[in-house]
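The chains carry the letters A, B and C, assigned in the order they are written, with residues numbered from 1 in each.
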Amino acid sequence: MKKILKIILLISIIALVFAPLGYGKVQRGNAAKELRIALQPIPFYAPLFIAKQQGWLEAELKQEKAKLKWHFFLSGPAVNEAFAAGQIDIGLMGDTPALIARASGQDLRIVSLAASGPKAQALAIPKNSNIKSVKELKGKRVAVIKGTGVHHFLALAFQKNGLKFNDVQIVNLQIEDIGAALTSGNVEAGAIWEPYITQWVENGGIRILTDGTGIKRGLSVILVSNKFAVQNPALVNALLKAYQRGYEFLKAAPQQAAELVAKEVNLTPKQLLQVFTKFNYWPGISDADIDDLKKSEEFMRDQKIIRSKVDIDAFVDRRYLQAAGIK
Amino acid sequence: MAVDGNLVIRNLNKEYVNGQTVIKVLQDINLEINKGEFISIVGGSGCGKTTLLRIIAGLETAYQGSVTLARRPLVGCGLDRGVVFQEHRLLPWRTVKDNIAFALNNVTPEEREQIIQEHIDLVGLTGFEHAYPHQLSGGMAQRVAIARALVNRPEILLLDEPFGALDALTRIQMQQEILRIWEIEKNTMILVTHDIDEAIYLGDRVIVMSSRPGTIKKILPVNLPRPRDRNHVEFAYLRREIYREFFASKDDDLVYAI
Amino acid sequence: MYRKLRLWQTSTDLKKIFLYFSLALGVLFVWQVLGVIGWLNPVIIPSLSTVFRSFGEYLSSGELFRHIGVSIIRVLEGFGLAATLGIGLGLAIGLSRTLDRMTDLLIQILKPIPPIAWIPLAIIWFGIGEASKIFIIFIGAFYPILISVIDGIRRIDPKLIELAKILEVPRRRFIKDLILLGILPPVMTGLRVGLGIAWMCVVAAELIAASEGVGYLIMDARQLSQSDVVIVGMFTIGVIGKLMDSLLRWLNKRILVWNVTYLGD
């Protein structure tokens, strides 16, 4: 009898260990009306920062009696983890991590673009490097973070120049360390994005070998938990409207916009003015964008970055844009 | 009248200061031990007998008075004095053979082999050369300690309650053993014990010490031929004499000392 | 009668084996059951069968062995360095009171710093190649080993030290026979702990620009939201760590024949 008790106790303890991992099959819902947004503090999301600074989003949400919560992360994959843990409802990230999130089984939808910016992706080299073309990178050390948008950009840039990933030494570094590695010459090239491009060019450590022009559209998207969107279409609507407002404000008054965004992103207003020119912040999703996403998806499956196919047409949900009147 | 080779102790005094209190550990010890003698020192706890032994061994150096061996003042430890403690103090990670080898300096490998084997045979442990201490009984381990102490041919062998940790029967056996070894090695033996019978059985003279302060109360010569009969009337007489030094009469209170 | 005895013996052995594996098997069992009944959120924790499948893929493609090999080499190098310096410095400090006093403050201040915190400096000092990774592993393993040596020396039975004094044992034999052998039990423990920590540091070390290794495998899978591969990596680290520890334990028993220990009731 005592032995059976021991076994039952054992199994109960083990089951308890697994308890926090369940929550059933769906992502944890949002009880109180709260909009939890996750993103990186980078110029890709300028319109949203403008909306944040101007309080537009809060105003709209108040009408819906909802609160706003901001979460900042250092990369797309980090935002994905927050999605998986049910900690956020909306995430802004590059197309690559968005596809990864979907491929890993998360029930998310792309509801709009955040920005497209071919020039916001770049292959950087140390300032005093002798390398003049991408071809010369053969056999050299190239730093890139797997699973980011610039990873795809790098692959396309290589392809254009007849190189494969196997032809170089891919070095895996955190984004902060890539700057130091480039400056100290520990790597011969690195795939980076704004604001790091402007930052590191300005402080003299690097220069640009090539950027995404003609190679990759450099899409960033707004990703929403499907459950949340279905339950709170009004909140999603509010978000998109605010984003559109931010976009229009930026087009009309870039200087002011730069000053507002400078409060959220680690660049000066002067730098931001320059950076803005690299982006198209219109949130609408064109057919060309969908094609670009499909190409990205193919690349990632090919590179075994994702292991299952993502149906882009199902993944992208343009209804919310329509509802918000954004064409 | 110091004879060469004798151990002479003159006016030995030792104090132990603990804050305000001064404890006289040894007071006015005067002793001469002849070369080749077997001396038993017997006393209760706290009478300083162990301290006396340690001073002779050179482990205690703070004292007043003089201690000389063959007219040389003793300074610190030396290979001319071997020590056997109550614990065997063998290196647990070494075999019997290596434990004895541990004590040997400045010998050629052949000499080492020979000397070690000699002493293993001497203490009756032939065949146990490669045993580890944890495999030996208490008595056997102590024999190894004795062999180790003798391997440098010390002039004096000091034994500090060497059989105290052994059971009564083994103790008697070991007393016979040490006697046998002494008769072969013929060095000076100074044995400290609290066992009166042991003191009488082994010693040429028995030095009775009192405690607090530690002084020599009496020195009793034992004129019995060896091997001694513990039930001999002379033996019993000595036993009673010494007993009286500790327990003067039935009416006296027992004095406990730490 | 003999047959009964044999059956009884086998059943006791089986009982021992069962006891040994019971908890781990229990966890796996519950995990699989929860996965099958759909109670687990696949994004947070994949089912056991998914993990198993990934594990099989990595094994059969040989990729897992490649990663393991690379990591083991790094760990051995870091650990080897830590053992050599740890024992060497530990002996010097243990045997010299002046050195002990001089180095104590610095050691106590540096000791609590976790290996991960050393990464920025490691990159600056050693670049992004193997050296910086081995340094991180070294830093993790160094302190337990160093401390076990010093502590071991301090704990040597003072009665034995006194004995060596009486026997006028020369310095060399004193160190060889008394100190070195006397500190073996605590140092073996220190080495076991050090190796364990070295292995744990492999994940931290491989954050520095690695392209292979079990730690890299985990961080990479994390970036790609592949929780099942993360678990494969973690499990691999656990198993290899256990194997290394068992090896050291076996060595411990072989070398310390004389050390009789209490094994529990």
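General observations
We adopt the following convention: a residue touches a chain if its C-beta (ideal position, glycine included) is under 8 Å from a C-beta of that chain, and two chains touch if they have at least 3 such contacts.
Worth saying up front: this structure is predicted, and the values here are computed from it rather than measured.
The minimum number of touch steps separating chain A from chain B is 2. Centroid distances built from C-alpha atoms place B farthest away from chain C. For the criterion of most C-beta pairs in contact, the winning chain pair is A-C. Centroids built from CA atoms put chain B at 85 Å from chain A. Chain centres here are Cα means. That of chain A falls 38 Å from that of chain C. The geometric centre of chain B is 49 Å away from that of chain C, both derived from CA atoms. If you check the complex, the residues on chain C that touch chain A are 22-23, 26-27, 30-31, 34, 38-45, 123-124, 127-128, 207-211, 216, 219-220, 222-227. Residue ranges of chain C in contact with chain B, taken from their complex: 157, 159-160, 162-163, 165-170, 173, 177-178, 181-182, 184, 256-260.
Per the touch definition, chain A reaches chain C in the complex via residues 10-11, 14-15, 17-18, 21-27, 75, 77, 80-81, 83-85, 100-101, 103-106, 143, 145-147, 169-174, 177, 180-181, 184, 186-187, 305-307. Listing the residues of chain B that touch chain C in their complex gives 57-59, 77-79, 81-83, 85, 87, 89, 91-94, 98, 102-103, 105, 132-134, 148, 152.
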